[in-house]
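We call the chains A, B, C and D, going by the order they appear; numbering starts again at 1 in every chain.
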Amino acid sequence: MKKMAVLTSGGDAPGMNACVRAAVRTALARDGEMVGVRRGYAGLLERDFTVLDRRAVANIIHHGGTILGTSRSEEFKTVEGRKKAAEVLRRENIEGLIVIGGDGSFRGGTLLAVEGGLKVVGIPGTIDNDVYGTDSTIGFDTAVNCALDAIDRVRDTALSHDRVFFVEVMGRHTGYIAMESGIAGGVEELLTPESPMTVETLCSHLEHAFNRGKRSAIVVVAEKEEPGVTFEIAEEVHRVLGLETRVCILGHIQRGGSPTARDRVLASKLGAAAVKALWEGKEGYMVGEMKGKVVHVPLKDTWEKFKGMDPELEELASLLCQ
Amino acid sequence: MKKMAVLTSGGDAPGMNACVRAAVRTALARDGEMVGVRRGYAGLLERDFTVLDRRAVANIIHHGGTILGTSRSEEFKTVEGRKKAAEVLRRENIEGLIVIGGDGSFRGGTLLAVEGGLKVVGIPGTIDNDVYGTDSTIGFDTAVNCALDAIDRVRDTALSHDRVFFVEVMGRHTGYIAMESGIAGGVEELLTPESPMTVETLCSHLEHAFNRGKRSAIVVVAEKEEPGVTFEIAEEVHRVLGLETRVCILGHIQRGGSPTARDRVLASKLGAAAVKALWEGKEGYMVGEMKGKVVHVPLKDTWEKFKGMDPELEELASLLCQ
Amino acid sequence: MKKMAVLTSGGDAPGMNACVRAAVRTALARDGEMVGVRRGYAGLLERDFTVLDRRAVANIIHHGGTILGTSRSEEFKTVEGRKKAAEVLRRENIEGLIVIGGDGSFRGGTLLAVEGGLKVVGIPGTIDNDVYGTDSTIGFDTAVNCALDAIDRVRDTALSHDRVFFVEVMGRHTGYIAMESGIAGGVEELLTPESPMTVETLCSHLEHAFNRGKRSAIVVVAEKEEPGVTFEIAEEVHRVLGLETRVCILGHIQRGGSPTARDRVLASKLGAAAVKALWEGKEGYMVGEMKGKVVHVPLKDTWEKFKGMDPELEELASLLCQ
Amino acid sequence: MKKMAVLTSGGDAPGMNACVRAAVRTALARDGEMVGVRRGYAGLLERDFTVLDRRAVANIIHHGGTILGTSRSEEFKTVEGRKKAAEVLRRENIEGLIVIGGDGSFRGGTLLAVEGGLKVVGIPGTIDNDVYGTDSTIGFDTAVNCALDAIDRVRDTALSHDRVFFVEVMGRHTGYIAMESGIAGGVEELLTPESPMTVETLCSHLEHAFNRGKRSAIVVVAEKEEPGVTFEIAEEVHRVLGLETRVCILGHIQRGGSPTARDRVLASKLGAAAVKALWEGKEGYMVGEMKGKVVHVPLKDTWEKFKGMDPELEELASLLCQ
């Protein structure tokens, strides 16, 4: 395969640039050609292309965000849209497409492959770590460390009396960011989609802890559907227990920042692996990393199957977060 | 003066520990004695003291928070309370008291000095930089850099289309954190208590910017009385302009973290200066830094007079933040 | 097992405190007792003990270094020394000992177990990641990110013409820090113990790169036996190629700093696992993490067997670092 | 003045990009035109120009280094070279030139102005803070915080016995980086060009401190002429006192990294002030900041006069660094 394209799709994640760089340099190492598609599937439909040579990917490995941009496309969600996309690629003699994104992006990629007869390979890039088929997604480690930094800062000031601090982190369907940053931050309580807790239960836990001698507590909350919901929880805790509460909403801060070493190494590994997969004629797969090794997972599985929470982490949290 | 005491009061601020360390080491250098008062004025009333020797202040210069703790005291707000406090200090042969805190703490300190005949010296320690008589307060530079880091992270992800990102920072009465982090972050709009803006005006600014070609904007908001108010502003902007909005509430994250070099140098300078002021018989003063030099400001002025916004910064913001 | 002890040994590593905390909290959860041994094996011989309750391990999870301290002990290297150590532990009714350290510490621990009939469990804590039986050691991820930050900073300034920047990182026997920080940093050349390179070869690589159009290059060097050796390499490169060179020696900077999320989660996991291993009567093992799961490896293997470089990383480096 | 040019010269410094951005946006606000000169005076001679519009300076405020590049030029050191440079500018109808750099760059700028009849305004941009006429140079605060981070990390590991850690920082002629990072880091000893110390004196200080109970010490050394000289000092300390020593050489790490808030605000202020100075017909000046206010200093003074060490800092260091 001589000519391939790469795009980033969905919410951006730190490490996407490192991934694009690795894909480009791997392709060039065997005299391949890599076309960058700007603004995800929307840009694909509009033929918003850019040639990615060595120079184009120089000095981007450490930058957050994505040089290619992302956006949503309603058109691509239709059969006609995907047909048009396949047509655009074929006219440019692009034989393979690398999609860096999350489960929604892979759903589109799967349909593009099936309907358009294109070779599509996915790379998991999303801070939420909610993609089946890989132990970690690109951007997750950076987001966790960002949330952890916030928790550490709150801890500095948490020695005042009788206060409950809430830190709201991202995680619509999965609580991985909350779980890892909470364990690493040594917080008292964790509210995740996998282990939902009523405000009553939370209050009774906190009451128990304060009775035991705690003077302050940090609660990490995964945002679920509605950012800002933590203000309501905090108010209820204040009403019930009479404790002062303070709320931080991290929001998009977690999406940014220079990627960690781990995210850059993972991104480099998977960027190279995706190009190799296309060379080897593999198609309709996502390249992921499981148990320390690169794996190839049917693209369909990544959005049809559900990635549950790691039970080792859950056990650890129940032992150490209280 | 042989025996002095030091306490931290009000909201804690990064650099308070560096300040306590400098005060202790300066006192010890002339064979003085420094007593640490735990939990601010409340601890003073309860004689919650600890001896501060070299060992007690070793390895604290880089830690956020305050090893002495802070708290509020309703009792100290009464004449009787302050009399009791003066009594406690006299019984311990403590001749001078150093109060590290903000304007509220200095108000109490002034009354304690006047009513109790005690030598009190204040040091401005608060992230808000809202104390008259000093160009910068201890903790301010750290808080600004914390807010700036958040803005930088949001910028990474802000290249998506048609989005307005809001970052809510602290600043009840003054917008210094918003102002400096906003200029340094290169944001589009600044909402501060000094330059309030209706949501209508904000919308019209944003509309103008997006019409001019902007695809995203970052707005920094000083929280004023009510943390979380930014969610309402964001909703209104969404309603009026139809732009997607995202909100981050930094909250107590800004209070924590290892102090910057500038905050530690300032804290060290003022900690040493406060002890020297007591030695020299100065009392009822706050030691601050203006135009690069240590100054002595009547403690009363610090809470009676109002510190306005630096006009050079305002001009710079009006030139560069758009 | 009711009473256990824990010590940290060898070079300290970020995450050791998080590990001690997890071990203590796990032991307390089942009404066990955990004694802290200060200053490693030397402190053990001198009965330098401290009781570790919940309070003792509060607010340490985010601190670098080790609250228990480490040191070397010549006496413990003798049979008599280890007999005495076993005697000290027995007299205190301490049935199990947790040793957090590297291969040298585990060698001593193995002998203590065999000769003294004590239950010893090891936990890999060293920044070098050179311990057989675990994919990663506690402290490694933090050290890599520290080295990476240095590389990123150098990159900012590396656009000047005709310069070669050298960053010397730790790694006596293994080049893991160099390898991961080099891949993540996108450096041009890597000098590791596993893939040694003559200065002639390095010069020829650099010459080739500069002829191809490079205007600067970053070379990461694992320090091997002698810190500072990089100055000699840089001088030789300057002599041969006429390029200006600049050298950074990271040294002990890499040992410090707040541990990353990954190091804290790993430390928490292994701290808990070590206590459980002792409960279950396992002895003479190191608890490590391989392929994402906690494993038990004979303590003897950890220092008798050699942990080679990950071939996936080597391949990635040969593809991307040039 | 309608058309101006800006260049960065000498060693690059964090904040130079923020400064270029502010100059461009200020010029554009009054419908001026700003030309960027690539690679300093060398690029000027070769007419290596680029148009700087709003887009060109978007998203650079937070990046270290300089988008314009720097380099040395032997030709510009000659009268002929400078004549040619003036000619190049005149032919482009560029009436004013902004030079961001240090004293060496201002020397060249002064001569260009005098000989070529050009309007030249300087902006102090160098991490060393060794420019007369400004309290702080752009990049200094970032460099100090970088050095401080290294000291903090070393401190984490410095609790081992009987060790002396050396951290070598930049500072050829002035010890400002050493001084501020040393005070902020709470180090034991400071070796600066302004207060040189023989190794014998250093050893006697250290001996005294260790006799008094210290178990470790951190020494900050300003590199002076020869990077790496600290290895020799460390060896001598080891030889004389028998203490183990460890050395870190920060080197160009200090030049990189995202600029701090303070550096960005200063850079923005001075970038705007330089354009205004040209508008107002001021020429042959450097814009600096003294006592919190923008000042105009004759360009000639900046390299003819010597900026001594701040005596308040020296006193503070002698009080607190021991």
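We take it that contacts are C-beta pairs under 8 Å (C-beta built on N, C-alpha and C of every residue); 3 or more make two chains touch, one makes a residue touch a chain.
Everything numeric in this text was worked out from a predicted model, so none of it was measured.
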| item | value |
| --- | --- |
| If a chain touches chain B and chain D alike, it appears here | none |
| Separation of mean Cα positions, chain B and chain A [Å, integer] | 35 |
| Between chain A and chain D, centroid-to-centroid distance (C-alpha), Å | 39 |
| Whole-Å gap separating chain A and chain C, where each centre is the average of the chain's CA atoms | 29 |
| Contacts with 2+ other chains: residues of chain D | 152, 155 |
| Graph class of chain-chain contacts, one of line, ring, star, complete, other | ring |
| Chain pairs that touch, as defined at the top of this document | A-B, A-C, B-D, C-D |
| Touching residues on chain B, where the partner in the complex is chain A | 11-12, 14, 63-65, 69-71, 146, 150, 152-157, 159-161, 165, 227-228, 231, 246-257 |
| Interface residues, chain A side, partner chain C - complex | 18, 21-22, 25-26, 29, 59, 61-62, 135, 141, 144-145, 148, 152, 155, 180-181, 183-186, 258, 260-262, 264-265, 268-269, 272, 290-294, 312-313, 316, 319-320 |
